[in-house]
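Residue numbering begins at 1 within each chain, and the chains themselves are lettered A, B, C, D and E in the order written.
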Amino acid sequence: MDTSLFLVQLINGLQYGLLLFLIASGLTLVFGVMGILNLAHGSMYMVGAYLAWYFVEHTGSFALSAIISAVIALIIGVVVERTLIRQLYRRNHLDQVLLTIGMIFVFNALQSLLWGNDPLGVAVPAALSSAVPLTDVLEYPVYRIFVALLCIAIAVVMYFMINKTRLGMLIRAGESNREMVECLGIDIRQLYTIVFAIGVMLAAVAGVVAAPMSSIVPGMGEHILITCFVVVVIGGMGSIKGAFVAALLVGLVDTFASVLVPQMSSMMIYIVMAFILLIKPQGLFSS
Amino acid sequence: MNTQVSLDLDVMLETQGLCKYWGGLKALDNISLQFYDKQLHGIVGPNGAGKSTLLNMLCGHYKPTQGSILHKGAAIEAIKSYAFARRGIGRSFQKTNIYPGATCLENCCVAVQRRMGGNFNFLRSRYTQKVLDEIATEALEKVGLGHRRNEVASHISYGEQRQLEIAMVLATSPEVLLLDEPMAGMGHEESQLIIELLKKLRREYCIVLVEHDMDAVFELSDQLTVMVDGQHLTTGSVDRVRDDPRVKEAYLGQGDEVF
Amino acid sequence: MTKLLEVKGLHTYYDESHILHGVSFAIEPGQAVSLMGRNGMGKTTTLKSILGLVPPRSGHVIFQGEEISHLPTWQRMRKDIAYVPEGRGMFHNLTVREHLEMAARPNQKGEQNWTVERVLDTFPRLQERLTNLGTQLSGGEQQMLAIGRALVTNPDLLILDEATEGLAPLIRKEIWDVVRSIKESGISTLIVDKNIQVLKDLCDQHIVLVKGQVVFSAGSSQLMQSLDEVESYLGV
Amino acid sequence: SQDSIKVGVMLPFSGVYGALGDATRNGMKMALQENAAQLHGRKIEYIEIDTEARPERAPEIASSLLSNSEADFIIGPVHSGVAMGMLKVLRGKDTVMIVPNAGAGPVTGPLCSPNVFRTSFSSWQPSYPMGKVALDKGYKKVVTMSWNYGMGKESLDAFEESFTAGGGEVVKKILVPFPKTEFQAYLSEIASINPDAVFVFFAGGGAVKFVKDYDALGLKGKIPLLGSGFLTEGTLEAQGNSAEGILTTLHYADTLDNDLNNKFRASYKEQFGKSSDIYAVQGYDTGLMIASAVNELKGDISDQKALIKALETTTVNSPRGDFTFSAAHNPVQNIYLRTVENGENKVLEIASPALADPGRGCKL
Amino acid sequence: MLFNKRTERYFIWVFFPLALLMPLFLAENTFFVSKLTSVMIFALFVMSLDYLVGRCGLITLGHAMFYGLGGYLFWMIAPEYEAVNFWVYTFYICTIAAAVALVIGFLVLRTSGIYMIMITLAFAQMAFYFFSDSIEFGGNDGLFIYVKPETSIFGLSFFDLDNPIHFYYLCLLSLFNTLVFFRVLIRSRFGRVVDAINENPGRTTALGYNIFMYRLMSYVIASALGAYAGYLFTLQYGFVNPSMMAWTTSGSALVMSILGGMGSIYGAILGTFAYEGLHYLLEHLTEYWMLFMGILIIAMVMIFKNGIAGYMEKLLEKRI
């Protein structure tokens, strides 16, 4: 691999990593920080992409569609938390597995009912549709640069919110001991509803943002789900910084494995994860 | 060294230059102590002095940053933490640490079974061995929980859980008992019971007692060590230590009243 | 003058087991009240019933003249009640400073007498451990933090459940001093503790529970008179 | 007068392959409806089961259709792994199995069986002719790329077979783990190799993503993209402009100008509200095949030998052009060279007329 | 008593006699016999997972690796066209799977909780991709197995595996034996320690138990039985596919075991039959089975606090 190809692949790896962070960010919040095992996270990613497509078809504006989709996702998040997740906090974690798997079924069915099974695509918004030349042959689409910046922005905001603000402290405290937080006069239920909904919204936003770069197909959420969990866990539960580093790591590993050891590339992120967890059983940045 | 302690007693447990650092914090700094068989060794000191840390190392829960621990003359600081218990070093915890979902009896049975063996017996029923139950019941009765033996541990009150905690240690029939604030949270009567119990036990075991209940410590200890901020301040007989002005300043306070 | 807290006929159950059998008592503003009893008599359960952590099957909790039995726990605490639970309730993922900062707030009247700084001054030990996580503290340090965390909410009523458990004599004295000064500043306290020697001087009113029933409830002078009776309830 | 004919349908109706299952079923039902007259009064009863594209469930569902529902025909599947699972149960049984899509070589190769037919293609078929096309265009060095699974590998091998035979060179063969759709790293690598052309096999969502990435990263227009026709089947709408100009070979093309095809496309669009694609055609032909066999036997399909004989000898008048069956029960059909123009697969020429799969390993 | 819950005894008295008689009713329709057989095989698999997750507190998302391994191992070690003995190969497969589990367990059991879930998943995914990427093992499309073992012991043969009914009884027997085996295991002194570790591992270490060994042992046992289930599955249709090892298989098994009631062992049978039964019914009723399946699963989580077994116990145990 010559230097220029190496650099290109480095960019690819980082780009993929950032996208992974975006998709995993909601999961970091809901699962890592709040401790709710939400397997339907991938489904919300899928729903986000479908919503984006649907509203782009109807409004013609990507930005508008993104906003509407985010709001719908937020509402779904609130409803799901209020009606379902809330009942399970006191129960075994595994009940959350069962519940959210049930939700995956429902979301999949609804997707199929509402939008059919054909692969769909969203065009890159016109304002961002140009590209920067990279090598003689390769170009780099501006939209992907935009996405990378967006991911970094979300990472920074999340990091500050969780680690530096009072709100972040409350959320973390809630994961540790809900009852005690309530004893300090804080409406933990409300707080959790909101944060859960934000997590769901982040998943959907990731779907919206990814829509123009990928194909919108049934089951797209399930493929990405496991990778998201890999990211959160390698990073160390509850650590935003960890998730960010892990996402970049996974992105780079996957990219370089694809070109350097193609026979093993599918296994590579799992090998890396196993390796990291054997050395650091609590992930990279565990507290 | 305290002259009252007759030198013909065996040294059961010994620490040599034991250190534990948490990052920059020296939770324990160069502690060298000897714990004698059939003696009760009290350890007191202000909060955060490193008493629990010391116990945690004596029972293998933490590994020392430096220094060594000798059990009957053999260095044991490097062995696995469960092996400490196998060598007869049992401990109770400052923060209640029991099996909340099991009955009190079952809690103790787990403890008894360790030394009765047969733990990898896949076929033999756990309920067939009456001896196990008997030893466990005996331990419960010693701490005054006999009447609660079939109660689920999470359903008994906090104080009772503290009693159970001690019963479990006794049930392992250790040689060394490391007790971390066994009386904390117990009522007066229960405390008295434990004090009586310890009075009986202290001639049978090597006991290390960490406790803030001064009456109890003064009453029970053969030897008393005072620690402050990870440092060893003094060791000696109760009377000598109690009157040590440094101890008064750092720990007991000047007043006559003892809370 | 309305009572600060009034508890009427609490009956509380854990599943099927009946723990509190009609507990009633009242706290006047500014009073320090002790709640005593042997292990397992229902002291903690009483506190939890007041706070709504274990909802009573029947009975009333009236705070500053207002029925709060139907409110969720957090709203009751917002009425400026603070609670130091038995077992301390540390957060394993928050540092000492964060424990205090997350809880700090002015009370309903807008006063903020207790700030994070004041707590740290009161407990210098915590000052040294600011970046430790809650569960990395020694037992006593945790206890100080739990009290500090309750104080920064600037309560009208401070509820302490075995707050001096596991504290060194010096610190324990310090805590009682703090409670005394809190009391002097007009904050009421409800104290569960085993140490009758201290409580009899510190508190204005004493309540003794036996098997979920109030068997003794009176002021300090009466307590001195019937000290033997009370001590027998407490098994001293 | 007689019982209805039971048609067991084992297709994926959910998940990634759901669209393929839908189209296949639509096509089949349409054909049987249009040709109801040929059924000699017998009604068709469908038993439809979602395979979820899970191979490990295939034997069970197949045996359910076989012995519980006692289906006369079992139609399916889309996914090659599922096909293998079905074959394990259905080979040599009384029921006729018709594969409307899965291209796995062994189905009409080493595992062929008298009662197993395929109306679609063997994976070898659509790709093999592309080698010659590439040579004709003057491409000497080609990179091939596909998912690392049976169908993908077989397609690349078929292309390579004809391409290298004519003197071309496959400079790199990239196998992407299935079902990964992160293509950026591979495309960067291709760009640095800068071959004369790229030949790929992808389908469905992966095809959409691939074509969009190929365009977004600027490769389109610089390195010609060739593909097995599935690259642009059922995906054109999602691919949008990015697909324009791609060259593919397949046994069908939207713009095939024959009456049957025109009629088929019009009524499909009318009935289902969307454009037809190859999967619909394959399903349609499956229906046609059943209808014509039933017709030939005058509605009595109880004699299995006769039924197989009838199926073997039919000429299916398909929208893709008439085709017959090889000894191994695979279609002998034209392969067309197509290009994408205005969101349609337009025929350029017949790349290989009446191409028959070699049927390697089949002893029929 | 071995089965110490009344609910469990009721269940056994209802389920096994019914299952014994079932083929008599279904003799006409061999499909239902094989359907029940495959559900029982999967129930056996779920049971081994239930033990691991519910009793040992070792949550794994990689258990399907052993399910698949059971199948592939058989393909690897069985000669292609010679007759082999079922029992001998059961022994081989369980032993090899146990050895594999020993090595993997040695690694994965260093972690716990969610980290363990992920690391088991990692190993399972590696195995999955290993088999689905390698042509020698049939890749994505899987493999056919043409041998059917014979089942004679000392010259006596009770089961003819080509006969679905015989195979059904073999699986029923296996299921019953596994249930009894786990019950014995749980009741044993080993089981007491395992329970203790599940509740409070730290305390158990402090009492002097090397908890790693107990966990490893449990992991090995459950994995060997998981492989046995996979072996039975492979025998049923003579077909192995890497999707047997996919994480979704582990996931479904986990769902069935939670649904049945974690840690109750017999709940695994309930959960598997309930889930598979619903699935079968719904997919024959409607194309949108997923919607109803999802809603039913959600409803069941909300209603059953401890799975179906827990719910039944609540109904039945009270009246003692």
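In this section, a residue touches a chain if its C-beta (ideal position, glycine included) is under 8 Å from a C-beta of that chain, and two chains touch if they have at least 3 such contacts.
Note that the structure is predicted; figures quoted are calculated from it, not measured.
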Checklist entry - If you take the chains that touch chain C and keep only those that also touch chain D, what is left? => result A
Next on the checklist: For chain B and chain C, which third chains touch each of them?
Outcome noted: none
Checklist entry - Starting at chain B, what is the smallest number of hops through touching chains needed to reach chain D? => result 2
Item to check | Farthest chain (mean CA position) relative to chain E | outcome: C
Checklist entry - Which integer distance in Å separates the CA centroid of chain A from that of chain D? => result 35
Checklist entry - Just how far, in Å, is the C-alpha centre of chain C from the one of chain A? => result 43
Checklist entry - What is the distance in Å between the mean C-alpha positions of chain C and chain E? => result 51
Checklist entry - What residues in chain E touch two or more of the other chains? => result 129, 133, 248, 290
Next on the checklist: For chain A, give me the residues that contact two or more of the other chains.
Outcome noted: 108-109, 112, 266
Checklist entry - Touching two or more other chains, which residues of chain C qualify? => result none
Checklist entry - Considering every pair of chains, which are in touch? => result A-C, A-D, A-E, B-C, B-E, D-E
Item to check | Complex contact set, residues of chain A against chain C | outcome: 166, 169-170, 172-173, 175-177, 179-180, 182-189, 238, 287
Checklist entry - Which of the residues in chain C end up touching chain B in this complex? => result 14, 17, 38-41, 44, 86-87, 125, 129, 136-141, 143-144, 162, 164-173, 176, 194-195, 197-198, 234-236
Item to check | List of chain D residues in touch with chain E within their complex | outcome: 13-14, 47-50, 54-56, 58-60, 63-64, 66-68, 80-81, 83-85, 88-89, 104, 106, 111, 148-150, 153, 177-178
Checklist entry - Which part of chain C faces chain A closely enough to touch in the complex? => result 51, 53, 72-75, 77-78, 82-83, 85, 89-94, 98, 101-103, 105, 133-134, 149, 153
Next on the checklist: Under the definition above, what is the set of chain B residues touching chain E in their complex?
Outcome noted: 59, 61, 80-86, 90-91, 93, 97-102, 106, 109-111, 113-115, 118-127, 168, 172
